[in-house]
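Everything on this sheet refers to the single structure shown next.
Every chain is named by a letter (A, B, C and D) in the order it is written, and numbering of its residues begins at 1.
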């Protein structure tokens, strides 16, 4: 679960990380009324999960209520335009009206989880306000890293060492350990996978302030912080995630693509393998779908309808290798699903092997269906049936 | 810093440990008005640091506003009577009006710091509501212990294991891990040296509730939680601690006794050693006083006056072994202190050795004073001068 | 021999009275695994439907059975607790089947259980065919032999094993290391064991997009076991960047975790990479030294 | 030989530009301690008044000087940080002079720095007379010799050392382990070292009321070094229960930490306990084997 800027900054505030004064608003009127009551220089920022707000004209300045109303309306008039990261764009439902900072320097600070060392990794760079992946590519030496022993936790010396190693402006030195301590506390307290401040601004008058926030929470840990439920519903699940949830699947278990071979498999690895097999057979897959372990009739029907109703599939390739999943249950599910569904019907290609394979094949045979022998065979057959 | 029951329970509440419904009040009127507005069975408890409230008649029941007013007034009418732990008694400045529990069982749960293993130790016993030291003596096997690896922290299995090991009533089993988790969080979050629930009540209707609280915070960690400052001033420092603070000493650096040999030394070990030496010489010490490292003139004068004005000392034995402390500075301090003090004067016995000993002896000699050679000599001389 | 698990391994099941725990305990017993008991707090003293003793705590189970291995079937919020309980009771090998364990819980466990080998979480377990199986792998597709197998996936593993078995390649031990971003045991950990296992004469490595475990494995192979016949496969080659498909760990972000990076790493280590699972047995046959 | 510290120990001082750090660095240098530099963040590149290099981090100091030992003179809130910084930089011997370090900070440090020897906190340091001194002990009262000394107190230690030196007993190493409830190095840790130190032929152990360190020491002596001539002293014998006098660790609570318990433990280990410091040299003389 990714948080929007204003949500991340709310967490920053709780952890004692300095953030600009701000007000979260949902209409141009609210923006105008806030700026009217709080004279000064303000910046109005679209609250979306996509990057590239500045280039898209979704960050604008306002010096009085009238200007605030105008720019807020302009920003909200159109959604965020599509980009590579999000080819569908994103609606703008709210804005953050924020104090304008007089920026002297911009730095970067983040904590992520390092898969190789299995430790939290702190990253600091003097190259702030830029795409960090670009920085990592062009100036890899500029990113100072520190791996934290979870037993010891974060201590200020780590921040001091990073400030020196990353060659930050000396104006950052005293503030950085405290800011990283807050970031680390937040990272652990809320079970984050990533917390990022980019840019971390050094102002003309020597304050160090988090000018933006990026926080990714671990979906698996959300139950520990029920308060985030409210943000979760406020956040736009993408369409595929919404569909997956409605079908009773995990949000990661379904994703659509442009092809015409609908797929379903048990287990994420096999589901990806099924897509690869379709591709290898010269076809194009319409979706990724991991039906999960307990593939009963209802689940199978939901998955079938999900693919029929929301993709351009011209054929449905079911690829089951029974481990936990029992082939007889899946076979029953398929038969029942087809009998009860009201969705459109396409040719089925079924591959069914593993636990209780014999019983499963018998159930299919009784319903007049013959499974293929291998995944490759199934993919070839499905691609042939789908046509070009 | 020890917390009173209502303060400890406020921390329990924050950590999610169930406590009875309650209201903290400072007058009989407040108690009456609370009970009047909240019909039910209430218990009114004196808020003091001393133990033995029940026996002293400082815990009473009330079923309506009138009863509440009466028992509250009775409780506050007289201070807590002296006991072995506190020979001076303790004033009662406030009361906790608390929901009466229908008690089925009483258990004990606590976390302390184990000096030998250098780990937090959780202790659980089915003998609740009793003096735990007595339990430790009579039923040592009844106290189940678990040492927590600080790197791993507390996890529920520790609570489950303790519930089984301590043979708690099965009614405690599900609740105990959560209660200990809260206790452990509180212990770490606030830097406590001891957190104790005695009794931990299992009610007739199956709830597990902390019926009392004992929390000892680490004075050295109070700076991390400035909010406790307000409680600290609310808490009665004992008289010796107050005097020590006023004299610019640490609260542990001064304590009075009944004898007639006033003492002062640099370093806690030597100060205790000085007391032991007086005792060994057949005398009785009037106080413990560790003057600390930087014993300048003002500090020495403050200490001199502290002992003169607040003990029955008939002689003042100054025992300095210079390490950090320089003998010349102490000597200057003694001379200056005697010249400027307005307190009563008693014979001085001075023992002065270590860093800059020569210069120190010269300064004393110039003022007409001759130090003794050893601690034992000094103690003997002081006891002789003090008479019987 | 085999790695991590053999006939002598005594297994306790945490969560043995739950639906999953009970079902798979039965399957493990049927396969021949020496399951000696299980743990469900509050049910100590009872017997399971399989006739195994249930204990209140791992410590009690250890004391009574001398268990050496643990298999975890508890809900995600209880998984880290189960691992710590086992560790403190003295267990040094644990298989965590549970999916959806918070990643910070896993970080805490791996950071504070030195000397414990954890497989998973979110994994199908491991099997030493003909000897013992811990977890949820379908035993009947495996066959005892000399090919070691390591995989980030579950069902894809069975697919691969089925192909190997049909082609006559039995397995020494197959380890499903799991699909999460942070896992207790990596490819390299397993390679190190296989290197010293006399039974294992070749290895199949089923990787996946995301992370750099495969790159680390390739570097290890290059340096420490250049002569071992090894074949690799990378799943999810057609997955788009930025989205994790099913496995939380299978995500390409920027230049990290792409199939190209992994394939190149294996190639530079002299490890052929199969385009599809069905090529694996053939590639393996080419690399296997002629049997004497 | 000596324990923990000798001529070759290279010492860095954390907080070297502070008043205390600077003063005691001068005294250590005067004693002959090989102080090679110090750390004060933001002052890297400068020189101290003693001409020693100042570094921004312990890591930099380590890289430039090859330091082996650390001495900490920083305020209490920074002490644990200084210990962790040293540990992560590779220092494995640290003396923490600072008084008033939060006890939970100490717990965290001792729980997460395996392999590091920490003396203190709230201690006067240690000295191997004639070789080196780390901390704040007054070097001139010490004399090189064969008596090892361990003490929970500072000034009382000097008292005892002065008596020993005057009586002709020089010291191998004297360790002030500190007066806090939780300390990095206990009596037993030091005894273990003295046991293996050829220079040390006898030991004086200055205990105090509170805790059970002395009882643990007595048990260790009884089992592992019954033949070593050892004399003990317990400070604070006339302190009342329930109140800590000066040292946070010196507190009798209930039956724990009483002088009687400690004296009995030593007696049962065959260790004579002096009633007053001035008896120590005499008791030691009785126990020392005749010199050849």
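By definition in this document, contacts are C-beta pairs under 8 Å (C-beta built on N, C-alpha and C of every residue); 3 or more make two chains touch, one makes a residue touch a chain.
Being a predicted model, the structure only gives us computed values, none of them experimental.
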> Which chains are in contact with both chain A and chain C?
Replying inline: B
>> Treating chain B as absent and keeping all other coordinates fixed, how do the remaining chains group by touch?
In response: one piece
> When the C-alpha atoms of chain B and chain D are each averaged to a single point, how far apart are the two points in Å?
Replying inline: 27
> How many angstrom lie between the CA centroids of chain B and chain C, rounded to a whole number?
Replying inline: 54
> Where the centres are mean C-alpha positions, what is the separation of chain C from chain D, in Å?
Replying inline: 49
> Where in chain C do residues touch two or more other chains at once?
Replying inline: 108, 111-112
> In chain B, which residues are in touch with two or more of the other chains?
Replying inline: 149-151
>> Quick check of your reading of the touch definition: is the inter-chain graph here a line, ring, star, complete or other?
In response: other
>> If we use the touch criterion from the header, which chain pairs count as touching?
In response: A-B, A-C, A-D, B-C, B-D
>> Under the definition above, what is the set of chain B residues touching chain A in their complex?
In response: 150-151
> How about chain B: which of its residues touch chain D in the complex?
Replying inline: 85, 113, 115-116, 118-120, 133, 136-137, 149-151, 188, 191, 193, 218, 220-221, 223-224, 250, 252-253, 255, 257, 265-273, 275-277, 279-280, 285, 288, 290, 321-325, 353-355, 374-376
>> Which residues of chain D touch chain A once you look at their complex with the stated criterion?
In response: 41-42, 44, 56-60, 78, 80-82, 84-85, 87-88, 108, 111-113
>> Quick check on the complex: what are the chain B residues that touch chain C?
In response: 149, 151-153, 155-157, 160-161, 164, 170, 173
>> Going by the contact rule set out above, which residues of chain D touch chain B in the complex?
In response: 24, 76-77, 100-108, 110-112, 124, 136-138, 140-141, 151-159, 162, 179, 181-182, 206, 208-209, 211-213, 216, 235-240, 242-250, 254-255, 275-278
